[in-house]
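Look for chain A in each of the two complexes below; its partner is chain B in the first and chain C in the second.
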Partner chain A sequence: MSLNFNTPDFEVIRNENRCIQCKVCVRQCANTVHFYDEEDNVICADDTKCVNCHRCVTLCPTKALVIRKYPLEFRENSNWSGKVIKEIYKQSQTGGVLLSSMGNPEPFTVYWDKMLLNASQVTNPSIDPLREPMETKVMIGRKPEKLEFDSNGKLLTKMPPNIELKIPVMFAAMSYGAISRNAHESLARAAEELGIFYNTGEGGLSKDFYRYGENTIVQVASGRFGVHKKYLNAGAAIEIKIGQGAKPGIGGHLPGKKVGEDISATRMIPVGSDAISPAPHHDIYSIEDLRQLIFSLKETTDYKKPVFVKIAAVHNSAAIASGVVRAGADAVVVDGFRGGTGAAPTRVRNSVGIPIELALAAIDQRLREEKIRNYCSLIVAGSIRNSSDIVKAVALGADAVYIGSAAVIALGCHMCHSCSTGKCNWGIATQYPELVKRLNPDIMYKRLVNLISAWNHEIQELLGGMGINAIESLRGNRLMLRGVDLNEKELEILGIKYAGE
Partner chain B sequence: MGCVFMLCKDGSKKESMMKKIYAFESKCLGCGLCEVHCRTAHSKSKDIVKTHKRENIASAIVIEENLSSNTVSYFALQCRHCENPKCIKACISGAMYKDDSGIVLNNKEKCVGCLSCILVCPFGVIKKNDDGRSVSKCDLCVGSCEPFCVKNCPNEAIKFLDEDGARALI
Partner chain C sequence: MKTIDALGVYYRDLNSLIDNSIKTEGDITLKNVFGQRYIGRGLPKEASLKIYGTPGNDMAVYMDGAEIEVFGNSQDAVGNTMNCGKIVIHGNCGDTLGYAMRGGEIYIEGNVGYRAGIHMKKYKEMNPVIVIGGKAGDFLGEYMAGGAVILLGLNLAKDEDIIGRFCGTGMHGGVIYLNGTPDKYRFGRETAKSVNITTEDVLFLRKHIDFYKKSFNKRLNNLKVESFSKYVAINKNPYSSMYCIH
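And now, the complex of A and B:
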């Protein structure tokens, strides 16, 4: 045994005047930070194990606990920061790749915060959504070139399959395996009640959840876990996952210890075996190959369901999206570099990919220039944090958004970035039955419904303020956006004017 | 959804409408907050910190745990307010009684601390107080609309239901 250089990241502060030794913290911490010292009748903490998930803080009945950043400092150095030094300690001790969870936390520009929305004054009246009709419904899928009617006004054009979203928000792909069964159930029930969709992620669909099929998007990823004809036909749409914003170019790995009976049956792999998603689809090495997969899936589902293709936002996203649309995708999903993940190599998560705002603007612009924008819907993901992010995304050209991190935060996630340990104290990113049951779907689905309903109200208020009464009328209307703190190039890519212009 | 205990089926009509506490093992976190709030609700101070630091009260609800390596399970256990309570039959001083609404209660004035009720309770839900001369048991927090353990359960693992409400959930 050699010297361990690692020091704690967090410190547990316990107010002894308020602690009643009830041991709620001891029982609730899956990381075994808290322990009871019977001899002295005190609760103690092992700071090295704390991930700052706030489970103990939230459940402590006397509010005796606070978690703080561990106060130990290294000598100030803006190049060799404490974080950089600690990463080297960790890697030189373990020899392993650094793993992280959730999205890119580095201080890159959040472009949503540099864009401001317009509002009507004097010449065009704003609309009060509480008094006048306001539509936030969107249709996702291919739109025809033109509509043709016969002499009786009957539609002659054959309409491509579209799905209807009552609110332009969907729950992003998070597989059963990465998140718990109860988390999945909460998402499914909320999607059903809200008239929106949740995405199965790449882990297949548990047989118990087929009844939410009308509000489900089934995903087909490189591992093809749980993909069969019944699965493909179970959902309202199919999504081919090519890339993920948190880890573009990287596959996935669900450790065998998370593959229990039900996940094994759902994914169609043996109990306890690692579920490895390769980086590429082994049958897709060109746009033509992608077209083959898209049409195999359409063939399997009788051309009744739209097929989405999800790509990560990378340097050449606009050209890639153009190819994806030409390959026959009914919707392109673009996932920005802040998109979450259960586990990704830290270096990939923090330094690969581009911001979703820039990718979205570039893709929408390119598809318009090539006159193929109507061939597909454009869905964006990768850290949509609130309703104004959604409205700004729609003004930049998106049809709808996916939310993953925001949805799990509604379920209790405290962004401790420790999903990969599998010991999520909130019952979200875990498969341990005693932790999974901490997430009660009866309670949690209502929180998701509350969140999205609240956002819907806010979207309506923002639209009304701009004098717009349907979200479809805002799509791609970049005149409703102005930039602040942005340079010429950024404004050019976003296709917006500077505030005051 | 698994309910740990069922009510006696031959209850009178009045009693069948009586609300009781139902425990749902599938939702129980085993956190023990029900115990904390039970003690506080039955304290003089009604303050969580003061109750636990200055008063010595046995919780009438207890988390039962099974922490074996392959099956971890917990549920909250408290008085079932039986149709024909054995504790009342066994009580030598007439302290244990059933009130008009069907709640089994212990009159502390009359209780002599013989602990016969603890011996006969089939559920083991009557607790000896630390003074050794009286017992604690669930009184369903008479007077408040919902027992404090139910009100403060963070995962809705204990519910206060009448028989119809319980049947709908089981």
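And now, the complex of A and C:
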């Protein structure tokens, strides 16, 4: 065994004057950072194990704990930073591929923060959503070319299947396996109460959750885990997962140690077996093949459910999205490079894909130019952080958004980026029963309802300020956006003017 | 027994006709099938189809218990993500036969294309089986997680091999039985020949070979269970030591 060069990332500071030795921290930390030393009658901490999840800090009754960045510095070097050096230490010690969790944390431009919304002044009066009707409902699915009526005004056109979102937000695909049963239940119940949808991810659907079917989007990915006729018909819509923003071009591995009885039953694989989702669907090597899968799903669900296709935002997203629409998708889901993940190779997460804002603008533009924008809805994901991100996304051309990271933060995630260890102290990204039970769905689903309801009101305020009373009227209205701190190329791709123009 | 003439019938209409028919009559004969897709998609066990002609891609996709017999060749992705049921094909088959199938049995009289049996699974009492009379293309049993593939290697020309390359790549479960012992370079690094052929293996092979003989009316007196090799995954968790946490 060679010398371990790794030093802690965080330091546990315990205020001994406040600590009453109640040992809550010892019991709460699944990473076993805190321990009680009987001989000396003190509580100690092993900094090397700390992931800075704030569980102990939050639950400490006397607020005796603080976690800080470990103060040890390497000699200053803006090229060989401490992070880069530590990565090499880890890989040279283990020979392993670096694995990360949650979205890309690198300091790339956040384009949402470089775009500003318009508001009405004098000539076009703003609308007060507290006193006037304001619609944030959207319909997701293919729209007909035109509507035809008979002489009595009865609709003759056969409408393609659409699903109704009361608020243009859905909970993004997170599988049962990546997150816990209680987290799934919270998402499902919140979706039901809000009139929106949650997504099963590639992990099948537990029998107990079929009752939330009307608010469920069932996912079909390359591993086809838990996919069968009843499952496909259980949800309101079906999503084919081609790619994920956090790891474009990469499949997924749920390690066998996370496949217990319950996950085995929903994925329909033996207990302890690795659940491997290959990088590609091996029956899809072309747009025609994708069409074959889309229509196999439509055939099996009697053409009653919209079929989404989810792709990661990559260099040629606009052309790919065009192909996806022509393949028959009723909605294209685009996941940007900041999208979250339970586990992805660090190098892929941090250096593959493109920002969702640019991908969205390019795709909407392309679909309009090709006159096929009405054939599909456009749903974007990949770090939507608040209601103004949503409003800006709609102005750029989106119909709705998916949120994943924001949803788990509402459930108590403290962004410690350690999901892949499976030891989430907040009961979200774990399968250990003693950790899962820390997340009480009865309480936590309400936090999701609170968050989305608050966002809905903020969306209404922002719309009202622009003098718009229905979110569908904002879609693709890029005149409502202005850029700051952007160069001409960025403005051109986003299709917006500079502030002051 | 109901007969449907599929000549010139669009695939959606043909599949609707089948759906309507099984409400009253589960035994259906399809005549003049020319490439219509998704025949038998999600069909339950009440249905039994006899197909004359060449069914199109994704035959028996998500199938849920029905029986299908094809008198002719079949195209790609037969039995895609199939749950249970039985398929007998009197001919050859295209690529990705039995992709991600979870249960049921498929018997192919002749040869199959690339990526047969990939990502096959098993779950509790469901244990899918594919029996192929002739040979298979590259990537046979890739990512295989459960179930069994049996290759009989019948009627091969002298210079023909029973499998292509990359057989069992990424395999982490299930078993592949091959008549003979192909060169090692034809296999992925995640699979290995097992020296442990048990009585259960022999009984399993006999049972499925007997059904093959009966279905295709063959005697195969020279086919000996003893000449089969068994290939299994080296590791049920092949990638467990691949990562270090950032």
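One rule holds for everything that comes next: the second predicted complex is superposed on the first by the 501 of 501 C-alpha atoms of A that agree within 3 Å, B and C clash if a C-alpha of one lies under 4 Å from a C-alpha of the other, contacts with A are read in each partner's own complex, and residues count from 1 in each chain.
Just so we're on the same page, a residue touches a chain if its C-beta (ideal position, glycine included) is under 8 Å from a C-beta of that chain, and two chains touch if they have at least 3 such contacts.
Since the structure is predicted, the reported quantities are computational estimates derived from the model, not experimental observations.
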item: Touched partner set for A:Ile276, first chain B, second chain C, both or neither; value: second
item: First, second, both or neither for A:Thr62, with chain B first and chain C second; value: first
item: Which superposed partner A:Leu232 touches (first chain B, second chain C, both, neither); value: second
item: Touched partner set for A:Arg438, first chain B, second chain C, both or neither; value: first
item: Touched chain A residues, chain B compared with chain C; value: C
item: Partner chain(s) touched by A:Lys241 [first = chain B, second = chain C, both, neither]; value: neither
item: Touched partner set for A:His414, first chain B, second chain C, both or neither; value: neither
item: Touching partner for A:Arg181 - first (chain B), second (chain C), both, neither; value: neither
item: Common ground on chain A, meaning residues reached by chain C in one complex and by chain B in the other; value: none
item: Of chain A, residues touching chain B in the complex; value: 17-18, 20-24, 27-28, 59, 61-62, 433-434, 437-438, 440, 442-443
item: Sites on chain B touched by chain A in the complex; value: 26-33, 35-37, 48-49, 51-53, 72-73, 152, 154-157
item: Interfacial residue positions of chain C with respect to chain A in the complex; value: 12, 15, 37-38, 41-42, 57-58, 61-62, 64, 76-77, 80-81, 83, 96, 99-100, 102, 115, 118-119, 121-123, 126, 142-143, 145-146, 170, 172-173, 236-246
item: Footprint of chain C on chain A - complex, ascending; value: 87, 90-91, 93-100, 222-224, 227-229, 232, 253, 255-257, 264, 268-270, 272-274, 276, 278, 282-283, 292, 295-296, 299-300, 343, 345-346, 417-418, 420-421
